[in-house]
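So, here come the structures, one by one.
Shared between the two complexes below is chain A, which has chain B as its partner in the first and chain C in the second.
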Partner chain A sequence: MTVTDERPTVEVAEHQRLVTLKIRRYDPEVGPEATWQEFQVPVEKGDRLLDALHHVKWYIDGSLSFRRSCAHGVCGSDAMRINGVNRLSCKVLVKDLGEVITIEPIKGLTVLKDLIVDMDPFFEAFKSIKPFLITNGNAPTRERLQSAEDRARFDDSTKCIMCAACTTSCPVFWNDEAYFGPQAIVMAHRFIFDSRDEGADERLEILNEKEGVWRCRTTFNCTDACPRGIQVTKAIQEVKRALIFRKV
Partner chain B sequence: MTATAEGAAPVVIEAPRARRTRHGKGSRTNFEMYSWIFMRMSGLLLIVLVLGHLLIMNVLDSGVQRINFGFVAGRWASPFWRTWDLMQLWLAELHGTNGLRTVINDYAVRDSTRFWLKMLLYTSAFLVLVLGTLVIFTFDPTIK
Partner chain C sequence: MTDLHNYDVVVVGAGGAGLRAAIEAHDQGARVAVVCKSLLGKAHTVMAEGGIAAAMGNLYPEDNWRVHFRDTMRGGKMLNHWRMAQLHAQEAPDRVRELEDWGALFDRTKDGLISQRDFGGHRFARLAHVGDRTGLELIRTLQQRAVALGIDVYMEHTITRLLTGPDGAISGAFGYRRVDGEFVAWQAPSVILATGGIGKSYVVTSNSWEYTGDGHSLALQAGASLVNMEFVQFHPTGMVWPISVKGILITESVRGEGGVLKNSEGRRFMFDYIPEFFRAETADTEEEADRWYDDHANNRRPPELLPRDEVARAINAEVKAGRGSPHGGVFLDIASRRSAEDIKRRLPSMYHQFKELAEVDITVEAMEVGPTCHYVMGGVEVDPESQAALVPGLFAAGEVSGGMHGSNRLGGNSLSDLLVFGKRAGTAAATHAKASMAASITQEALADAEQAALRPFEEKSGDNPYAVWHALQAAMNELVGIIRNADEVERALATIEELKAKKLSVTGGRAYNPGWHLALDLPNMLRVSECIAKAALERQESRGGHTRDEFPKPDAEWGKLNLICTLNDDRSGIALTRKPLPVMPPELAEIFEETL
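Entry: the complex of A and B
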């Protein structure tokens, strides 16, 4: 048997072009070190990065692991570090990423396999800010009404899909998981500024802790990373202001 | 679940860093908030104080060449400049110390590293503040 190039020749149709995906691979069952692996993938003009990843998984190497669910930028499963910045692979187009595309798992969380990380610390932070309606007294017999203006006050922070792109783009979080991270603060913002909610003081106290909002260094990485366009840093600053003036 | 070669130790996935506990246990003080506000306020004041200081010392009249013992003695004869320099000393030292404290909090991973770096920082800040304040208050222009 003659020795041939391990990689089969990639067939590229006329309307396609070849891009190289450089993927950070890690498999605890193979070895303790993460390695870079390159794949040649034919892509079409309108392809998203997720399509290219699917091509790798379905036709080249089925062992490649990544999370994705809805594939349309809503479920928030497929946040990854693409060319050094956090993006959803289902929302970026390959045509915007150049010839060689580096793909890594999001930073600051334990990598389980390839692009899959342990999200537990992220959800812990989310839970600790009490992400549910807090009210006092008896429940009303009808729905809790809210004016359009009151609703608009926290509209931006309701858009969060919990993909963790913001939290894992934060340099403070990279170095210290104890920091709540932008996502938890955005979620707290969503309730603190909700006129129907009465737990603002409680949440502000939690975020006033040593690992709370005061650790934010306003690097704006989170705002840049958010696939929903949430003004994350602004939301954090609003929480800081609410803490200083004790006024929501 | 983890398949290992015979006799080899199972592969352990290490956490990116030792996990630290948090949430709900923190002391309920406003220290971090006040330190955050202090950084902004002292920063604003320092812009005026330090730029003014640099202007006076290095630019006005014939600049840095004229500075000698007599020049300092002349300025410190006025309580205004003593207050200026005292404020500059305290604000700059505390501003810098607090900045380094946050850097240590952000980047030192082990608790013992944090502790000793901060001790070093606070000791040096204390020495600088005591020495500087002492000089400003006890400066003797007639000394030989």
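Entry: the complex of A and C
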């Protein structure tokens, strides 16, 4: 597959060096099998993996598909499996990845093309835990009050950017897509421990079901994978504890 | 074959404005579809850091809508549509409280109220915020609300054309599903554009991939007009190093929290760039400026917190004068001004961004910063009450609409704009749909739209869309950037004409093919770039986000005029007309005479 106006890929300036990107590619219009394809890419100090992927797309193969948006770790679009671990490509520097870098789609979700996976099951899990504030009674005329301590209680789980790096690093999720996965539980945690929310009971019931929080085997993959540094496993443990003691 | 859906209101874009509009239209009883290019929750709004400007008075009880209105108009150098600025200032506090009611997290005062922070151009601490991730929380809250209401969202679909009936009114929208390239159309009497901005026409930009001017271009093609397109905001503080992250935003909150700008000689140079227009309200000594952070009542604002256009021009001038930082910016120093603990608590995202991407510890070292293309003030010309465009059934809200911010937007006024006018557009679009006959799209219109979308596959010897895109970005960056002159803008227009004439070829199939997607986005980028360049050439003065080398001062006569862009008669390019500014009623004009 070539594009017109193709530039030679191995032109390396003095301040650059060559790395090899080994990318898992799949195109349903070409064939049923995924294949590995290698690209030689010149990189310089400070380049992120996303820059190297852009080099491939802009100058070598315009059909290479991957999601990306904000390009600095806020939108959570570009989670991928990089050298075997889930990372955001906009937040890892090429210099930390060696001479040959393997890049695959995140695991456990159906691959649609190249590094693009079907995110529908992920979004369905998110929806299933009722990810919205549940309150009774009338809305207040001004804002609800919340103390700094109450606000801090669930600060960590509000940092989630829904990149799916945690969920798709979870061995339980790989083997059973029906499991909500860590992200949905973090999102539930965000509401269960919000002092303004009154829906903890119904959310805990959902999480208590057979595909719920008890499937977690505490492997800590999710915590390692989170690009925001959220203590994912800890959040899951707190939800488990809330279920046992029925007290938030 | 095109997959066909029926709705009352179709919202194009799922950032703050689109989601707020969809929620409102839904609440008004309309059947609503949201169509967006990205996955839900990834829209550009997510990147907003500083906060939502609203005169809630939680920290300064003397704050009210009149002060916010005045700040906004003065920040826009009085070119704003006065009625939009008024509605915005009046309604923003309710929109923030409503978000809180829906569950949004905010930093709080010691009394448990929503906390507010200082920002450039705002007289009082006015930005409701959560750390430096306010946009993330805003979009997540609206996304969660949309889930709670069960609103239909078509993720990863791109609209390529608006469809109109024989009477010229909107009948729907046509586009493709990114994942498999199949065509989809939505029949609806109301379409709300909420597509954001145009930054991807520039090399150095803080904008995300989505910002290809789709809504601006769709509106023009449907027969609507754009206003204020010459005004492009260059945010003063983008990263300049490493080169791979050049342009990524550093929030204005760094300055709001006490950060100062210094040149290579260590001088706080902003004191040298206080314009006459803001002299009375700006501190002229470092001592007064530093006192202001704790006592707003008895001191004037530091010059680092002048509106963005002033700060961006000052940085540009320092670098040109040879007093820049090693990588062509200036220094933004918070390390010597606040404790490491404070910096990490108030600006956690900035701390991590520099640590990870630039290997700089901002609690120890100064950041290197420079201007980056951030926001387009110009957009679809709309009715201030309803956000209705010239085309019946077409509405626009958020960055894609024009008029609200005049020649320069104040920080924090974007998130509030999204909420205030998103809601208004939602109401008006639902009302319009109720009063309309069911929309109907003809087979011919669909066939024509399909054929146009597939053209890049048929063209065998055309150019690589990436090469054309990069040529456009270079021209806009170099020739229609922060400082402009007639000669350079004319050269940019010549380049745009050359690029418009190019045929584009793509390879591969229709399944998630980024080369094809770009080939369809490019005409939009070219069209908005032509608007920016033509309007920039026409306006012979300097005002807000438009600076002309040959005409360095604002001109009173130009201050009474807007420039309007429409498609020209043969639809091959942009026609420009001058239009008098709407006149502010005397009871509002008085506000500018008052001591507030």
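Criterion: the second predicted complex is superposed on the first by the 239 of 248 C-alpha atoms of A that agree within 3 Å, B and C clash if a C-alpha of one lies under 4 Å from a C-alpha of the other, contacts with A are read in each partner's own complex, and residues count from 1 in each chain.
Going forward, a contact is a pair of C-beta atoms (placed from the backbone, for glycine too) under 8 Å apart; a residue touches a chain by one contact, two chains touch by 3 or more.
Here the structure is a predicted model, which means the values were calculated and not measured.
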Review point. Between chain B (first) and chain C (second), which, if any, makes contact with A:D47: first, second, both or neither?
Key: second
Exercise for review: Tell me which of chain B and chain C touches more residues of chain A.
Suggested key: C
Review point. Which partner does A:L112 contact after superposing on A: first (chain B), second (chain C), both, neither?
Key: both
Check your understanding: A:S128 contacts which: chain B (first), chain C (second), both, neither?
Key -> first
Check your understanding: Where does A:L243 make contact in the superposed view: on chain B (first), on chain C (second), on both, or on neither?
Key -> first
Review point. When the two structures are overlaid on chain A, which partner does A:H15 contact: first (chain B), second (chain C), both, or neither?
Key: neither
**Study point:** Contacts of A:G62 with chain B and chain C, given as first, second, both or neither
**Key:** second
Review point. Given the touch rule stated above, what does A:E29 touch, chain B (first), chain C (second), both, or neither?
Key: both
Review point. Does the superposition put A:K210 against chain B (first), chain C (second), both, or neither?
Key: first
**Study point:** Footprint overlap on chain A, where chain B in one structure and chain C in the other make contact
**Key:** 28-29, 112
Review point. In the complex formed with chain C, which residues of chain A make contact?
Key: 1-6, 27-30, 44-48, 51, 57-59, 62-65, 67-77, 91, 93, 112-114, 116, 119, 123, 126-127, 130-133, 139-140, 142-148, 151, 154-155, 158-159, 161-162, 191, 194, 196-197
Point to revise | Interfacial residue positions of chain B with respect to chain A in the complex | key: 2-4, 11-17, 19-24, 26-28, 30-33, 35-37, 102, 105-107, 109
Review point. Quick one: in the complex, what on chain C touches chain A?
Key: 38-44, 46-47, 96-97, 100-103, 105-108, 110-114, 130, 133, 135-137, 140, 144-145, 147-148, 155, 179-180, 208-210, 241-245, 248, 349, 352-353, 356-358, 461-467, 470, 505-515, 518
Point to revise | For the chain A and chain B complex, residues of the former touching the latter | key: 28-29, 31-32, 108-112, 121, 124-125, 128, 171-172, 174-178, 180, 205-206, 208-212, 214-215, 217, 240, 243-244
